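Following are the structures in question.
In the two complexes that follow, chain A is the common piece, with chain B as its partner first and chain C second.
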Partner chain A sequence: MKKEETVKLISAEGFEFVISMEAAMVSQTIRNMLTSPGSFAEREHGEVTFPEISTTILEKICQYFYWSLQFAKGKETEFHIEPELTLELMMAANYLHT
Partner chain B sequence: MAKRGGMKAEKRNLVHLCIEAASESTETVEIWRRQRRTLEKMPPELAEALLRRLLRRRLVSPSLLEVFQHCIEEIDLKHENCVDAEWMAYLGAFRCLRSLNIADCRAINNSALWAITGMDTLKELDLSRCVKVTDVGIKHLLSIPNLEKLSVSETGVTGDGVSWLSSLKKLSKLDLGGIPVTDMALRSLQVLTKLEYLDLWGSKISNKVAAVLKKFPNLSFLNLAWTDVTTLPTLPSLTYLNMSNCTINSISGGDCGVKAPLKQLRVPGATFIDVHEVFSYIEASQLSFLDLSNSSLHNFQFLAHMDSLTHLNVSFSKIKDESIELIAHVGANLRNLNLSNTKVSSLGIGSLAGMVPNLEILSLSHTLVDDVALSYISTMPALRVLDLSNTNIKGFTYQIGHEQDEAFSLTALQSLNHLERLDLEGTHVKDEALQPLSGLQQLNTLSLKSDFITDMSLHAFSSLPKLRYLGIRGAVLTNAGLYLFNPPPMLETLDLRGCWLLTEDTISLFHENHPRIKVRHEFAQICSISENKCDRSSPQQGTPRTSQLKPKGKASSAPSVFRKEGFVDERLKYRREELLELRSAPLSLVSPHDCGVVLPKTLIE
Partner chain C sequence: MGGACSRKRGDVINEEGLQRGFSARYGKSGSSKWLGTSFSRLAVDVQQGKRKYPSLLELCIHKIREDIDKYVDKYGTFDMLPRDISQQIFNELVFSHSLTEVILEAFRDCALEDISLGDYPGVQDSWMGIICSQGSSLLSVDLSGSDVTDSGLNILKSCTNLQELTFNYCDRISDHGLRHICGLSNLTSLSFKRSNTITAQGMSAFTGLVNLVKLDLERCSGIHGGLVHLKGLRKLESLNIRCCNCITDEDMQPVSGLTNLKELQLSCNKITDFGVDYLKGLRKLILLNIEGCLVTGACLGSISALLALSYLNLNRCALSDTGCEKFSGLQNLKVLNLGFNNITNACLVSLKGGLTKLESLNLDSCRIGDEGLVNLAGLLHLKNLELSDTEVGSNGLRHISGLASLESLNLSFTLVSDSGLRKLSGLTSLKSLNLDARQITDTGLTALTGITGLTHLDLFGARITDFGTNWLRYFKNLRSLEICGGGITDAGVKNIKDLVTLTLLNLSQNANLTDKALEMISGMFTLSLHSVVYSTPPLNRVAGHVILSYLHDTHTNFGSYGRDMLVCRLRFCEPNWAIPNHFIILDGLRNSYSRKEVHIQSPFVVLVPTCFNTKTRTRTVKCYNKFLFWLPWFDCLGLLEHFKFTYNQRGIATSKAIEEFKITVLGVLQGFGKRNKEAPVN
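Up next, the complex of A and B:
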C-alpha cells in the first residue's frame, strides 16, 4: 500500500496504528480532520493523535473500521466487544462519529 | 426491537454495538459497573441511551442507578411499575437531573416523593396517573425551586394541593388534567405569570373564574375539555385551545375588536350556542388545525377565509355535500381532511377535485362515496393515506350509455405517486377490480376485508415492492392459494383473520417458510400459545434476546417467530368470555398487568 493511501492513528500512550485511508474514513470525525481545510497538520502528514483514547481502545476501533467495511460489503459477521471495554469504546465511538 | 432488519446502518454503528454489548446480561453489567471514573465523565446523551437500553432489557436495579448519578440529565421511567421509594432514593442523589418522568408508576406514593425534595437541578417532573400521590405529596414538591414543568394529571391531588403550587414561581407548564381543580384553587395560581401551558380538562372550574386566565400573559396552550366553562375572555397569546365536550358561548370576548389568534382549535363533541358568533371573534386566517368532530353543526359557512387550514376534522358531524365546497375554497394548504362517518357522497368529493393540491391524508370511511369519487381523488397529487373503508366502492364504473362497458375504477389511483396506505375494508370490490392496485409502487399498507376476495388477489399483491402490511380479512383464501403465495419482499405482517377456509397446518407451514412474516389468523394464535407460555415463565431472566434479533433465515428458527417479533398477543392470556368483557374495557386497564408486554400498534387501534 502506498503511503498516501494510509493514515497513522496515535493513541494516548503514543502507540501508532497504520491503517488504510478507506478504513479510517468510516469515522466521520477522522474524515473531517483529513479533508477539512483547517486541519493542516493532519492532512499533510496523514497522522491523527488522540490524547483521550487509550491503546487498547484505539486498537479495537481500528478492528471495527475494517469490520464495518466488510459489513457494508455484505459480510455480516458479529463484532465482538468485551464487556470491560464497552464504556470506553462507546465514548470513543461517540467522539469519532462512527 | 420490533424494527429489526432494514436498520443496517444502525446495526453497524459502533455506539449502538457498545450499548448492545453492555446490556447483554447481568454478568456484563457487573463487569463494567465498577468503572466509576469512566461513568462519571460519560456524556449525558450516551449515559441516557445506555440506561434506556438497560431499562428495556430489565437489567436495572435501584442500586445500579447509583453509577449513573453523575451523568444523567433526563430519565424516562414512564410505565415502569417497579419504580418505588427505593428507586426514588437513588434518583434523589442524581447530581444533574433536569427531567424526571415517572408517569404511570403505580408504586409511587407521597413518601416516595420525599426523596426528591430540594433538588435544585430538577426542572421537569411528570407524575401523571401516579394515583397514590395526594396533596401531601405536593408539599414535598414545593421545595424544588426551579421546577418549570409539572404534570400531576389524574393523581389524587385536590384543589388544596393545587393552590399550594402557587409558590413554584418558575412554572411555565402545568398539567392539572382530571383532578378536581376548583375556582378558588385556580384563583390562587394567578401569581404564576410565567405560565404558558395549562391543562385543566375535567376540572370543576366555572365561568366565574375564566377571567383569571387573563392574568397569565404568556398563556399559549389551554385545555378546558369536559368543564362547565362556556365563555372565555380574549387571551391575546393563546394559540392552542381545547374545549371538547363543552358548551361554547364565546371563545373570545370580542372586546375592542381584538380577535383570538388561535392556531389550533379542538372542539369535538362541543355544543355551540351560536357557532357563527363564536367564529366571528376568531382570527380565521390564523387557524391551521380545526377539529369539529361529533358536533351537531349543519351550517359550515364560518369555514370561509380559513386560508391557513392544514387539518380539518368534521367526522361524525352533520356536514353534507353542499358544505364541501366551502372546504374546497380554503383547500390550498389542507393536508389532512377527515370526513368519515358523515353523509358526504361522491358529489361532494367532486367539488374538492383540483382544489386540494397538498392533501396528504383523506378519510372517507363510512360515507356514501362510490366509484365516481375515485376519479376526483386521483386529482389529489400529494395523497399518502386514503381510507375508503365501508363505503359504496365496487371497483368498477359503467361508461354512460354503454352498460356492458365496465371500467375498473381503482385504476384512477395509479396516478397517485405518493400513496402509501390504502384501506378498502368492508367494500364490495372483487378480485378483477383489485388488479390495478398491483401498480401502486409506494404502497406499504393495504387493508381489505370482504368475502368476495379469493386467492387471485393474494397473488396480485406479490409484486408490490414496498408493501409491509397486507390485510385480506374474511376472504375465501384457500390452503393451496396461501401455499403458493410469494410474499412481497418487504412484507412484515399478513393479516388473514376471518379467512375461514385456511387450516392450522397451512398457517404453520407458512410460518416455517416465511419466519420473518407475522401472520394474524385465528389458528396462528393456537400455534404459538405454547411458545408464549415458556417465554413468559422467565421474564426476569435476561434471555439472550440479541441473538434472537439476528435474522437466521433457517427453517429451524421458524417456531419462535412470535417471540422474535418482540410482542405477545394479549388475547392469548384470556378465555373467550374474558376477552369479550375486555373488549369494552379501556386498554389502559388491561396493559399494566405486565409492563414487559408490548402490543402491536395495529392491535391497539
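Up next, the complex of A and C:
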C-alpha cells in the first residue's frame, strides 16, 4: 500500500497504528480531520494523535474499522467486544463519530 | 473525552418519534377498515430501510444492554458517563424492555434530557424520584399508560425546564395532579389523552402555560367548559380534542381567539354548524378535522374562509350536496375526506378546476357513480383515491385512467368488474390497489400485469383461483397480498411462494388449503422473520412486526403438521418478542394449541381468539405487560360483538371498542359484517 493511502493513528501511550485511509474514514471525526482545511498538520502528515484514547481501545477501534468495511461488503460477522472495554470504547466511539 | 457530543438532542427526538409513532396509533379513530389497511402498510413498509453496518457506539450500547445487570452491580451508577451516552443507554434499555426499577437507580443524577417511558410496564410513583433527579436537564417526559398518580406529578414540578410532558392514558391523574404542573411555564407540549378525570376546573392549571404550542386532550370526556382557560395561550398552534364526545358549540367560542392555531382536531364531538362558525377567523389553520360531528353543508361557508387549509376531514358528517360549491375556494387543499356523507355526483363538480393541489380524496360510501368521476379527471396531483362502497362501475374508470400520479386506489365493494380493470393499465405509478369485490376474477388480473410497481394488492373477496395466481409473478415488488375468496388451493400457493418480496400474506378462508400449503409458505415466513430476528445489532432498531395471523377457518384441513408449525414459529420468534414495537397478532390460535401456555412479552398484542373455546379459556396466554391483551372467552364475545358492530356501522363503534379494550391495531380481521354477506366459495 502506498503511503498516501494510509493513515497513522497514535494512541495516548504513543503506539502507532497504520491503517488504510478507507478504514480510517469510517470515523466521521477522523474523516473531518483529514479533509477539513483547518487541520493542516493531520492532512500533511497523515497522522492523527489521540491523547485520550488508550492503546487497547485504539486497537479495538481499528479492528472495528476493518470489520465494518467487511460488513458493508456483505460479510456479516459478529464484532466481539470485551465487557471490560465497553464503557471506554463507547466513549471513544462517541468522540470518533463511529 | 472531548466535548464532541455526537448525538444531539434532535437525534434522540427522532428516535422517540419512531417509538411514539406506535402509541399514537391508539388514538387513531376512523373505521376499522382504515385502521386495518394502515396497519398492514406499516407492517411492511418499515422493513424497507437500507441495511448499513451498525456503528461502534451502537454495538457498545447493545453490549451494555445485554450485560446490564453486571454493569449496574459493578459501577452502581452511570453518572460518570457523558450525558448523551447515558441517554442512549437509557433509551436502549427502554426500547428493549430491559429497564427495571433497580436498573433505573443507576441513572440517578445523570442529567438525562429525555425520559420516554410511554407504555412501559411497571412505571409508578416510585420511579418518579429518579426521573426528577435529572433536575434542570430534563426536557421531556413521557409516562403514558403508567400508574403514576397525582403525587407523582407533584414531584415533577421541580423540573422547571421541562418542555414536553406526555401523560396519555394515565387513569390515576386527576384535576389535583394538574395543579402541580401549572408552574412549568417552559412547557411547549402537553398531552393528557384519555384522562377522564380531568374536568374544566382542573384545566384552570393550563392558564399559566403561556409557551404552550401543542395541547392534546384527546378522549378526555369531562373537559366541556374548560377550553375557556386556554384563552391566554396565544402561542398555541395545535389543539387536539377529538373523541372527547363532550365538546359543544359553546366551547368553540374560546377557540376562536386562538388565532395562531394551525391544527385543530375536533372529531367525534357535539359540534354543529353553529360551532364551526366560530372558527372562521383562524386564518392560519392548515388542518381541520371535524369527522363525525353533526355538521351540514351550511358550515362550508365558514370553512371556505380558511384559505390556508390543506387538510380537511369531514368524514361521517351530515353533508349533502347543498353548500358543496364552497369547496372550490379551498385552493390549497391537499387532503379532503368526504367519506360516509350523503353526497352525490353533483358535489364533485365543485372539486373540478379549483382544487388543483389535491393529493388525496376519500369518497368512501358516498352516493357517487360513474358520471361523477368525470370531475376528477383534471386532478393530476391525486395520489390517493378512495372509492370503496360507491356506485362506481367499470365505465367510470375511464375518467381516472389519466391520473398518472395515482399511487393508491381503493375499488373495494364497488361495481367495477374485470372489463373495467383494463382502464387502469396506464396507472403505472400505482403502488396499492384494493379490488376486494366478488365480481373480480382471474380475468381481471391479466389486465393489471403492466403495473409492476404494485406493492400492496388486496383481493380479499375477489374470486381468484389457482389459475389467477399465475399472473401474480408480474408483481415483483409485492409486499402484501390478500386473497381470501376461497378459491385458492395448494397449487395456487405454489405460485405465491415465489413472491419473495412478500412480507404480509393473508390466505384466510381458503378452506381447501392443507398442510402442504403451510409448509410451502413457512419458508417465506421464516425468511421474513429471519431478517428481523437475526439482523446484527442493534436489532431493536428494526421496527418490525411479527404477524401470526393464521389460516384459522375451522374447516381447514390442517393436521398435526399445521399445529406443530405454529408451535415452532412461536418458539422461533420468542427472543424477538421482548422488543417493543412489534405487533403480534395471534389470530385464531387453534384449540389444540391453546391448551398449552403461551408466554409473550411485547407491548402490543392483539389476540383474536376466534378458536378459543370455553374449556381452554383460562391461563391460555400469560401476559407480562398491561398492553398485552387476552380475554376470557366471555369477554371475547363482547369484543367480537364490537367488531361486528364496527363493520356494520362503518366505524362508528370503533373508537369505543379501541378504548375499552386498549386495542392498538385492528389487524387482519375478517368474517364479520359486510364481508360475510357472501360466503366464500368452496
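What we mean here is this: the second predicted complex is superposed on the first by the 98 of 98 C-alpha atoms of A that agree within 3 Å, B and C clash if a C-alpha of one lies under 4 Å from a C-alpha of the other, contacts with A are read in each partner's own complex, and residues count from 1 in each chain.
Going forward, a residue touches a chain if its C-beta (ideal position, glycine included) is under 8 Å from a C-beta of that chain, and two chains touch if they have at least 3 such contacts.
All figures in this text were calculated on a predicted structure; none of them were measured in a lab.
Asker: Clash or fit: chain B and chain C on chain A?
Answerer: With chain A aligned, chain B runs into chain C, so clash.
Asker: Quick one: classify A:S68 as touching chain B (first), chain C (second), both or neither.
Answerer: both
Asker: May I ask you to decide whether A:L34 touches chain B, chain C, both, or neither, giving the answer as first, second, both or neither?
Answerer: Touch status of A:L34: no partner.
Asker: Does the superposition put A:L58 against chain B (first), chain C (second), both, or neither?
Answerer: A:L58 contacts neither chain B nor chain C.
Asker: If you stack the two complexes on chain A, which partner ends up touching A:N94: first (chain B), second (chain C), both, or neither?
Answerer: Touch partners of A:N94: chain B and chain C.
Asker: Just to be sure I follow: which residues of chain A are touched by chain B in one complex and then by chain C in the other one?
Answerer: 61, 64, 68, 71-72, 78-79, 81, 83, 86-87, 89-91, 93-94, 96, 98.
Asker: Can you list the residues on chain A that touch chain B in the complex?
Answerer: Chain A reaches chain B through residues 61, 64, 68, 71-72, 78-81, 83-84, 86-91, 93-94, 96, 98.
Asker: Please name which positions on chain B make contact with chain A in the complex.
Answerer: Those residues of chain B that touch chain A are 11-15, 17-19, 21-22, 24, 27-28, 31-32, 35, 38-39, 41-43, 46, 50, 550.
Asker: Inside the complex, what are the residues of chain A that reach chain C?
Answerer: Residues of chain A touching chain C: 28-29, 52, 61, 64, 67-68, 71-72, 76, 78-79, 81, 83, 86-87, 89-98.
Asker: In the complex of these two chains, what residues of chain C are touching chain A?
Answerer: By the definition above, chain C touches chain A via 1-2, 4-7, 52-53, 55-57, 59-61, 63-64, 67, 70-71, 75, 81-82, 84-85, 536.
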